[in-house]
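This is the structure I want to talk about, given as structure tokens.
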Amino acid sequence: MAEKETGRLEAFSDGVFAVAITLLVLDIHVPSLAVAAGGDPGAALLSALKSQWPSMAAYVISFLTILVMWINHNRLFEQIHRKDHQLLVYNGLLLMLVTLIPFPTALVAEYIRTPYAQTAAAVYCGLNVLMACAFNQLWSYAAKDGRLLAAEHDPHRVRHITQQYRFGPILYGAAFALAFVNVTVCVIMVAALAVFFALPERTKMA
Amino acid sequence: MAEKETGRLEAFSDGVFAVAITLLVLDIHVPSLAVAAGGDPGAALLSALKSQWPSMAAYVISFLTILVMWINHNRLFEQIHRKDHQLLVYNGLLLMLVTLIPFPTALVAEYIRTPYAQTAAAVYCGLNVLMACAFNQLWSYAAKDGRLLAAEHDPHRVRHITQQYRFGPILYGAAFALAFVNVTVCVIMVAALAVFFALPERTKMA
Amino acid sequence: MAEKETGRLEAFSDGVFAVAITLLVLDIHVPSLAVAAGGDPGAALLSALKSQWPSMAAYVISFLTILVMWINHNRLFEQIHRKDHQLLVYNGLLLMLVTLIPFPTALVAEYIRTPYAQTAAAVYCGLNVLMACAFNQLWSYAAKDGRLLAAEHDPHRVRHITQQYRFGPILYGAAFALAFVNVTVCVIMVAALAVFFALPERTKMA
Amino acid sequence: MAEKETGRLEAFSDGVFAVAITLLVLDIHVPSLAVAAGGDPGAALLSALKSQWPSMAAYVISFLTILVMWINHNRLFEQIHRKDHQLLVYNGLLLMLVTLIPFPTALVAEYIRTPYAQTAAAVYCGLNVLMACAFNQLWSYAAKDGRLLAAEHDPHRVRHITQQYRFGPILYGAAFALAFVNVTVCVIMVAALAVFFALPERTKMA
């Protein structure tokens, strides 16, 4: 078996994914409360925390999104064992989109309860469309005639990935379109996509 | 010996632990002081620093908490050598809880000296309960019939971990309940749990 | 083949590159909008986002800059397999310059549309000049008589790198000088350099 | 040669060092300038940047400090190849001190030009004393009777490290004491120590 050439690419990518996924928490702010003039202080803090639900929901959805990106990255590089300059660049562009996730996340969390919600949701979904395209680009470059795949790659698995990846841009494109129709349904669809991709492979195939 | 499959899972987890544990310091703010109108400036700065003790204590406790989480993660993956999609997801959920630690940490540091202390402490302990459950979930999934363990795993050690992990949710659950009785005792218990788990194995068994 | 000694140097460097490239996103702030008194809220948010284009452009240019630095670091350490104390120090100084990138980035984004643009652009380009010098220093130290190169290094490739690296300080020095002539042309040149270095090797040689 | 057991310990530590060293840049703020009412805008921004020299100096000194810590960590783990729970804990405590560095750094940068400088410098040096002690603790635990060293460790090198490490707490202790005598001399000494430890081994022995 030839030595894997993608060690540092994976280490650098793991670092970027790890930092991006951990920075999300910086958008959850400790609520500021005056010392209670009366009433139940516990209830006051709890209700302040509850009013942060958009931040919390954005946190969970974004965390799952980045996690799913990482799991997918992992899956691709079980097949990709060689590298060239172009692969480093495509991988870098993918990582650029991943590191951007905290921005539309904060945007949605800030504006979900305002008239700006639609635009914020569209920006969020737009980034997801771009990410789905970047994954397709990276994979089809590496898999074309198996040029950067492991010599012993599994052709069945490679075909399966190629087929599955075709749906990513379409599904996230649909969520993007939904942002202009109904923001609530759009957010639910993005959450559902994250949960769906987070399900084990076998469950999805069943 | 079969090759370990969990290399990237461990590298990504190490990255998340490392970022989460290092971000804690961002919650320790440099105190703002006007130029002293008189008196001893050294004493003024020292007393400003001393008044930050809740931040400092929260920092130390949270650092030790994440460190203990990492040591435990380490210990589990000395036994776990194989992976599947579900393990990646369980591990991701565990990491999501780990990255959340800076938030309740800052919450407790902000409100420990106010009437909101009880609720803040309960949120902090609640997260610890969830983490103990996530560790149990990850471990029992991987260890069931030894499905993801190394072929040459140590059955005595595996049984020992399983038994020890049963107590995590109970102990942190007790700290959670204590938050509603006496916040000081609750904080001391969380600190004691962190110190206890940070002690070397042999000491604990003695 | 002798064992590579630079494992931890590369892991630490990957970590620094990964954090620096991910922290860039912290300089893109969610725009603050009052609840729209009238008109189209979507258009209002979109135009607020569009007015952030200097932040966005700085983000993309800086991301590509750090990515190109990382790709170059990668390329050097395919040839460099041994280490000594001095290499760790030269590598550390290079990383110090890389981690500084977010600062002039934010400076340029803040002042590009003000009379301060020239100075901000000069600071940005100045850092790039220093980085090109640091790369030269690291490489010429390691490559001198092949002292830290792999025993089986490719002499053709080594010569090629040495020749190409000579142009880095000159090109970025030219961009630095341009900052005092025309800021727009200077910014375009920096962007062009980033895109140029991001092109695959073969394209550049063609 | 027995397999090295400290892989994840080193990966986690590299991550913490990398994040801590990169977070330092967050303490360098872009200066806020009103649009110049007259005069030379370039000179105005340059002088605003120059007035930030304490931040810049603190950045450079702290970066070199953490870099030297990492180089030392590296050097120790060339000899240490085995691990136990206690080593993980001692290493964790060392990392806790390393991640704290941004705090006294910001403290010194904020107060160096005020009457609070002395106290700030003392806090900074105090942390360095603790770090020197933590290194001694880690090393003497691992090296005692060679218990966690590689079977093929170099006894001459081990003795050399042990001897050199004795001076760390003393030198930083002297800097700590100097803070109460003359802050300028103290800061120069800390800078000199960082530069001294950053020099290649051979130079120091000459």
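Note that the chains are named A, B, C and D in the order they appear, and that numbering of residues resets to 1 at the start of each chain.
Basically, a contact is a pair of C-beta atoms (placed from the backbone, for glycine too) under 8 Å apart; a residue touches a chain by one contact, two chains touch by 3 or more.
Here the structure is a predicted model, which means the values were calculated and not measured.
Annotation: the chain A:chain B pair of sequence copies touches via predominantly different residues, less than half of the used numbers being shared.
Each chain's centre was taken as the mean of its CA atoms, and the one lying most distant from chain A is D. The distance from the centre of chain B to the centre of chain C, with each centre set as the mean of the Cα atoms, comes to 36 Å.
Centre-to-centre separation of chain C and chain D, using mean CA positions: 25 Å.
Shared interface positions of chain C, i.e. residues touching 2 or more other chains, are given as 11, 14-15, 18-19, 23, 26.
Chain C meets chain D in the complex at residues 8, 11-12, 14-16, 18-20, 23, 26, 84-86, 88-89, 92, 95-96, 99-100, 102-103, 106-107, 110-111, 114-116, 118-120, 123. Contact residues on chain B toward chain D in their complex (touch as defined above): 10-11, 14-15, 17-19, 21-26, 28, 30, 33, 35-36, 41-42, 44-46, 49, 59-60, 63-64, 67, 70-71, 74, 77, 198-202.
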